[in-house]
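What follows is a pair of complexes built around chain A, which joins chain B in one and chain C in the other.
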Partner chain A sequence: MKPDNPILAAAALVAGLLFLSPVLYSIFMSFQTADAYYRGGLDFTLDNYGRAIGQYHFARYLMNSLIVSGCVTVIALTVSTMAAFAFARFRFPGGDLLFAATVATLMIPSHISLIPNYLTLAKAGLLDTYAGLILPAISNGFAAFFLRQYIRGIPRALDEAAYMDGATPLQVLWRVIVPLSRPAIFSMGLYVFLTEWNNYIWPLVAIGKDDLYTLQIGLARLYRVNPGEGLVDWPLVMAASTITIIPVLFGFLLVERHLVRGITMGAVK
Partner chain B sequence: MSGITLHDIRKAYPGGPEVLHGVSLDIRAGEFVVVVGPSGCGKSTLLRLIAGLERCDRGEIVIGGRRANDLAPQNRDIAMIFQNYALYPHMTVRQNIAFGLELRGMPKAERNARAEAVARTLQLEAYLDRKPGALSGGQRQRVAMGRAMARNASTFLMDEPLSNLDNALRVAMRTEIKELHRALGATIVYVTHDQTEALSLADRIAVLKDGHLLQFGTPAEIYDTPADMFVAGFLGTPAMNFLPLDRLSPSPVPPGRTIGLRPEAIRVHADEPSGLALPAKVLLSEMNGAELILHCETDAGRVTAIAPRHEFSFHPARVWLGCDMSRAHVFDSRTGLRLEHAAMEV
Partner chain C sequence: MLRKLTPYLFVAPLIAFIAVFTYVPIVSSLNLSFREWDFLTPNMPFVGLDNYRELLSKRDFWASLHVTAGFAAISVPLRLALALLIASYLTRETLVSRLLRGALFLPYVTSTVSIAVVFSWVFSTDYGMANAALRFFGVAKVSWLQDPTLALWVLIFVNTWKQLGYDVVIYIAGLQAIPQELYDAAAVDGGRPGHVFRRVTMPLVMPTTYFLLVISVIEAFQVFTIVNVMTRGGPAGATDLLVNQLYRIGFVLFDIGQGSALAVILFVLLVALALIKSRILGKRVHYEA
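What follows is the complex of A and B.
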């Protein structure tokens, strides 16, 4: 697409560079030695990436983060989509109350549930496990609310047509509602994945074993690596940060094409 | 093919008044029944009850000899065409048509062959791999029909399927639906507010008003012997004229009677005829092909009449109207009900 207005295009380019500059700088810094960084010189190296992956277990943390964020995203979206379908399409006793309770969960700060969640999982023996990281995040009131609003915008006649064609409610959900809600589901998926990817507090509380640490915990631990008295090994931290953002960038590029509008065009009239 | 019996059907929506007040209908297997009535009369609700998309509060629905009140829509062997088509926008025409077959477990090759056969019948072959968003209104309507046809259901329900089409396409599709009925031999229940559609398509017509069934009969019965003034006025274009009998008859007549005259039962004269005729001032003249539709003012009230165009100027100022009393209907002015054989007594 060619820009219509060159001034606007130039302004957009400058704004884009402004937003990108910290990221570009951190990537640049990740290829420096700590010595060169503190001396103010230039000394290109790949060693920071090697150390982060080998010495500081970032390959393991990356896998843990992918497992936890991936599972949370898939399970939370499944649960939220089914709840949203029920809230949007069926009237059942207590349905309104249940929906109000779901919305009310959005008003509770997540930190308030830290201790109750910890005690529950401790009682269930799930601390220091993947399940302990995943389970508290799978009920997502915001996702249920957001998807319910989206599903309400899909003409009910499509459900009815599917029922007349012989579909069961689950088939209506899976064959009609889910494909038509793809933009909303993928947007919400991205949101849930990023929230879990960046989650620091809960893994810090629930995990005490090094081999279950996620990227964020691993990153925080890198601040303790001292190249000299009172100094932080920033090039190493930046290399680890770059490792942290690469999967998210790939994920976004993968999901982006699904974030399209106008998918219900031609359904009715 | 299966017949449908509705017995004393009552329905109210939550928090609203009753929409259907005890409707009973006996639809024979293979019959084409049109349910007609003004907006809000409950005709779409009746269709949705037959489909199983709504549950009735009271009464009994029997489909193919089986009580269907508690049957889910998918277990009623019914196909439905919706007013807004309700095509699956993420599926191609082929997938839309074959979806019902897929849900019933038909192998892919077989269901694709069926979809293609249906598409051939409806001249949709060229569009099989398009999505509904890339089709015109008429094509979408055909896909909706194809989706219903593919399933070979015993009963078809059609909820104002032609209301979104332009006039020319509507007339063409009307013929196709009638031919389809002949070819499939299925029971069809068709809902419309368009009386022309009702008269041209139906084996029998059910006229609904305010949730009450006013009359159920063949188009000729409904047109020639309407049950009351509403039915008489609702079916037929231009509508039937209603005049107070005592202002028409030169001799004394029982009070509280209204005479109903269809425009074609009125003879229009350019000059005063020798027999009994009402002088009329022409208020508006509409050209309707070979005929003129004249809206006139008479001493008895407003009258609409049809005159052959070649006998009159486009807007005659004054005409005389004669009545063929053998074709007149007499109604009780208070109840609106038609009085049998009363016309001849006048």
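What follows is the complex of A and C.
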């Protein structure tokens, strides 16, 4: 890495901090007492977090978000890897058409399925359940498309050697393809998890019970349903907001590179 | 026999999900858009094009289309121009440029609801950061989210703030693909930086610009979360973007027929845009090869 011109670098860093200042300040505010927030001063407390987690059920919402995003990620990666393997390695009647249908989901705006999916899940009795949140989110061809491109880059000779040794297609997938595709699967997993973590409109229509709110719904509710008439309890709301962003923030710092790759690959969709 | 079946077994689970939750719903939406229904009554009579006629005769619909088009027309060029400028500064591989890329990208992966809540505070009248900044410069406080004109600008600002990092990252990739020899040649010819930017950089990142242009327009037509959290479409419908209207008609007023008609219209609009995108993408791949 080349060194920077120190003055430009300092200016750029200040610009970056300024850019992020609303979020940084919201985190700061989440540790302020209400009194310090309204009148100024430096009184810090964990009480906002205590109330968000206890009284306002954010521990529950956090768990719901983890369950839903986790399940979506595992299921989506499983079915997408399987499909990607078949699309990359087999020629079969209808295969091109099915692949085209998979890729075309990227062009189909999700709101078209909002009302029908609501009706489908209502009929199946799955509104207000985890399954109702999870199942529609699997219906996305992006991971399969991305993984298929990646698998095509793996030399076929490796599959063939395994077949010679008497492996079944499932074994080839599990023993050869999956281990070699690990970076791609990891990037996709992050992408899917994050997308689901931040999903808002679907849980908004599919969930009415407080027990099953995800963090996004809980936070939007907490802000919209003001505890005091017109006067928002901002430090409390910011504590809840911080709980909602922190997992992503940590994840981001840990794996920025993978994440950026997963998302920029999305640009080629 | 089993050999022939193998690939189908592998694709079946994904295809089943896609069929049930993406393709069948397109057909159901179309079907529901020709019917009159409120979720509750047992039968749903066929009413032909009534829902479309009613929707297209409402001022709300045209107002919403107008607001959405305005939102896209302002926010998209703004985003692309800012992103290209920032990206041309951040293409170099230095520590600062990497940190800044991270900072810019962070909002893109952050929860939209959190961002909407944080900016609701920033633009709140009595305690917000925006008015505090104005006070610093001696300007009287402004009711950002209660003013019909300002509220839409606030949403444009928030959406730009959130999406900018994505555009920057894509532009950086586009800029890095421009061969260094072209810049060397321009330098030999004594091109001034502004000139080089206009004559070399801009034309060569055109494919990236087209690509970002189309996906940002598509994205702008689907903005919902910040509207739902920050303004609920108000004040006086000033920020009633199309998906917000769809949500209101379908899930607040429970007018399934008209909600579906709106969904179908929006669908046709967005798929047309997406098809333009894939044509551009086809060109881009060719161009880079």
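Going forward, the second predicted complex is superposed on the first by the 217 of 269 C-alpha atoms of A that agree within 3 Å, B and C clash if a C-alpha of one lies under 4 Å from a C-alpha of the other, contacts with A are read in each partner's own complex, and residues count from 1 in each chain.
The rule is short, and it goes like this: a contact is a pair of C-beta atoms (placed from the backbone, for glycine too) under 8 Å apart; a residue touches a chain by one contact, two chains touch by 3 or more.
Worth saying up front: this structure is predicted, and the values here are computed from it rather than measured.
Participant: Looking at the overlay, what does A:Pro155 touch: chain B (first), chain C (second), both, or neither?
Facilitator: first
Participant: Given the touch rule stated above, what does A:Gly40 touch, chain B (first), chain C (second), both, or neither?
Facilitator: It touches nothing on chain B or chain C.
Participant: Which of the two partners, first being chain B and second being chain C, lies in contact with A:Ala86: first, second, both, or neither?
Facilitator: Touch status of A:Ala86: second partner only.
Participant: Mind telling me which of the two, chain B or chain C, contacts the most residues of chain A?
Facilitator: C
Participant: Where on chain A do chain B and chain C both make contact?
Facilitator: In the superposed arrangement, which is not itself an observed complex, chain A uses residues 263-264, 267-268 for both chain B and chain C.
Participant: Within the complex, which stretch of chain A touches chain B?
Facilitator: 155, 157-158, 160-168, 171, 175-176, 179-180, 263-269
Participant: List the residues on chain A that touch chain C in their complex, please.
Facilitator: Within the complex, chain A contacts chain C at residues 1-4, 8-9, 12-13, 15-17, 19-23, 25-26, 29, 37-38, 78-80, 82-83, 85-87, 90, 92, 95, 98, 101-102, 105-120, 135-136, 138-141, 144, 169, 173, 194, 197-198, 200-201, 204-205, 215-216, 219-220, 223-224, 232, 234, 237-238, 241, 244-245, 248-249, 252, 256, 259-260, 263-264, 267-268.
Participant: Taking the touch rule as given, give the residues of chain B at its contact with chain A in the complex, in rising order.
Facilitator: Residues in contact with chain A: 51-53, 72-74, 78-80, 82, 84-90, 99-100, 103-104, 131-135, 137, 140, 147, 151, 164.
Participant: Once bound in the complex, which stretches of chain C touch chain A?
Facilitator: 4, 6-8, 10-11, 13-15, 17-18, 20-26, 28-29, 32, 89, 92-100, 102-122, 124, 127, 129, 161, 166, 169-170, 173, 211, 215, 218, 221-222, 224-225, 228-229, 243, 246-247, 250-251, 256, 259-260, 263-264, 266-267, 270-271, 274-275, 277-278, 281
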